[in-house]
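Look at the two complexes coming up: subunit A is in both, with subunit B in one and subunit C in the other.
What follows is the complex of A and B.
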């Protein structure tokens, strides 16, 4: 698998500093399509449209507005946003170590791998082993793409993983979820334990395929073999669009309306 | 805090500060508001069902600070239905769906005086169930001028084979709705169509109408806001109160009543108070029923 490095720096705590690179750990499993114009197979592009002037707006005329009330905006320039953006992190500073089993998976946002950079291999290996043996995860603050994340560094399969975590205020309350029944008999409990025991297996996600993606990709392969793919023309500037029929029909309707008023 | 517990459909609701007057210039308490919404709920709920609701909340009453709540509050009860909607490249937002009486009254306990909904349902966010013309009077104009423009649009659409329905905005304008209720409807089509209609009305009645959004063009004119026909826009729901000094309702009006009141020069009588709204719905039912039912296809788009 080709891994894409997205950041490099050091993991540090106390007197330890380990040079590492951050790489993506997952690729969305969706079969993704491009949108084409049915008539000529042009790749469609997104444009920002101004409904007041009825024109496409060039990037230099676009500014951000934060909606504070219906149709009421506070304007914000890129410079202003940047002035409150956190500094890019050079280090992943581990602030504390926690028990891995204490981390509720609902906090997990996005996983990355940490790979050792030149000269860091030995310290990396040591950290992997000790964290694994003690079941500990490192908790750190880390700035990625101008956002400050709370992250967990965990040791998994002889490597370090970094998982960005949600902040507590992003997590929905779940206090209404538990039915709160406390009269469960020991037979009922024993029965369920037995049932679960008969279904115990190792975690082998490869036993489960993403069926929809597989079917789509099979269909793509099959269609590519049976028919020549269409070719998209070189992009040109957009043409004028005009619902001439509609305008004519409205004019006609207006004329007859005025006659009868 | 003063709390009252009420059981509705097996759900326990806790109402707070019921005696608080949220329309101090008029005299309309939170209890009055909740009671108003309870009574109109049978007529209003079909128009809210499965639509991503935005609440305009006035915890301190009208004229005081308010906020515009799109995200369904995290502290909502477990039985409040929600739907996630993505607008363009933005993060998806989880909205409340006001599908039942208990959700409506829960929202009202949060002082959600106004409820705004999109023209499409949450599960088909690209399919408007109707097309709308939002008639917004510029400075120096009011309901009378907006009413005249509404009739022009009604007649124009009628000649195109399309039926339309009108409600007051509850502020100073009208909303003309054209039911579509067919699965292939798109916002591209409704926007193109509505813009073309606005353009033609403006061309033939330049002294009365503008299709331009900029405020300087709107003085003395009725602005036909066609751009509401967009997946990202919301409109005040029919039967919602408005958060003005007086608690007027966005309320459906029979076309004939508009014609009669324009003739009599008494269009202001079409500003419907909550009491009047209750009286009218009880005697006439939901004049907007057809907006959800009538199937019509836009020609030439």
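What follows is the complex of A and C.
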């Protein structure tokens, strides 16, 4: 099965180095909604457009710039960006391990998978198994394009997940929010606990996805009875779909996820 | 400094109703890069481009459609569907509780801190109960015309609501068909010892975003016309499978 590769390099802990590829763990889901052109119902897609020349711009003509003053840019090539932290752009070095239970889930940002590249299958599986046995996760810093991420490497379901973490300064203070005071009687509290116990089940996320899909299909079926579907002319040059630039690919996947719900 | 109130709701299950206010739990800060067109250095914009005309299409000329089959669309606004389907009230309905360990980080999306609204009877007790039983409440609710599915969890005395990704949005590792490799007891034992040796308490405060500072410096230097030395990225030599045990033993010795 083809996997969407975003990055390739090595993950290491102490003297062990494992060649891996970073792949997406999250997809936009059944993207059944699309934007269409009112005029002819042709499909619209998001592309990079140069407003001066009035044309779509191919990935090889795109360069990254930092705005230091209005419309004044300092240009950065991919090689220059990679060399800001050269020890971290092709290597994920796990410097320490932590107990998985100590991580407050609020730190988790975006998940990916690491899959072993050729030759790394054994070392990969070793890391998966020993982290699972010891219930530990690895902490590392990782640089992808212009950003440095603090990441957790977690063993889940016989594979390695890499999850970017928020930096502590990005987490909102919450000490002032919790009340710390009791407002109901101990009998009421005991009843609450009993109720919770009776409501404990195994987590089956597909149940909720199916409910949502069913609701949408019921309504679509209803609408389809009163409405004639429109035909969309076949889009030209399907090969142009998708950016080659890896950061643009990441940003696009995150954007399309917000859109296609 | 806490973020402002985004929304107000009522957590409901059994005989329990707790009025809460939602605050975002995370704020992102980062250096913004713009994408430019190489030849003329003009800033590029993301536009919705028509597949046929190859020209950008303004919002008033855009329609939303649901794809019934390839090339055939039913013109529907997804918001129409959400509205029709949703309860459109302020209740966060808890359908069930599940063990926290079953909610993989993969499913967690956006986190919100919950502040009790006025007295909010039962807030502190619910937080205590969730921790004692080590469970999370699985809920659904509607916020600003969109329906959400999420997990209600406790963090100390604080209640937090996190939106969850739907099952069809998540890639499960089975799809990778990873090769099963035989590992020796010794490799597993030494590997486990090594991990335990390298284990420390989780202290996120010690991690600084060093890259951001170095990047800023590079940008400043470049803007002054200074030459940038491009260093090649560090690449490690992968450990060969038959060298794995040796590497593990050497690592353990080093860590001790």
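Convention: the second predicted complex is superposed on the first by the 137 of 261 C-alpha atoms of A that agree within 3 Å, B and C clash if a C-alpha of one lies under 4 Å from a C-alpha of the other, contacts with A are read in each partner's own complex, and residues count from 1 in each chain.
Going forward, a contact is a pair of C-beta atoms (placed from the backbone, for glycine too) under 8 Å apart; a residue touches a chain by one contact, two chains touch by 3 or more.
Computed from a predicted structure; not experimentally measured.
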*Which of the two, subunit B or subunit C, is in touch with more residues of subunit A?*
C
*First (subunit B), second (subunit C), both or neither touched by A:52*: both
*Is A:176 touching the first partner subunit B, the second partner subunit C, both, or neither of them?*
both
*State whether A:70 touches subunit B only (first), subunit C only (second), both chains, or neither.*
first
_Going by the contact rule set out at the top, does A:85 touch subunit B (first), subunit C (second), both, or neither?_
second
*Scan A:131 for contacts with subunit B and subunit C and give back first, second, both or neither.*
second
*asked:* On subunit A, which stretch or stretches are contacted by subunit B in one complex as well as by subunit C in the other?
replied: 51-52, 54, 67-68, 172-173, 176-177, 257, 261
_Residues on subunit B engaged by subunit A in the complex (per definition of touch)_ = 56, 66-68, 74-75, 77-78, 116, 152, 155-156, 159-160, 192-193, 195-197, 199-201, 204, 212-214, 227, 230, 299-301
*asked:* Give the list of subunit A residues in touch with subunit B in this complex.
replied: 51-52, 54, 67-70, 172-173, 176-177, 243, 245-247, 249-254, 256-258, 260-261
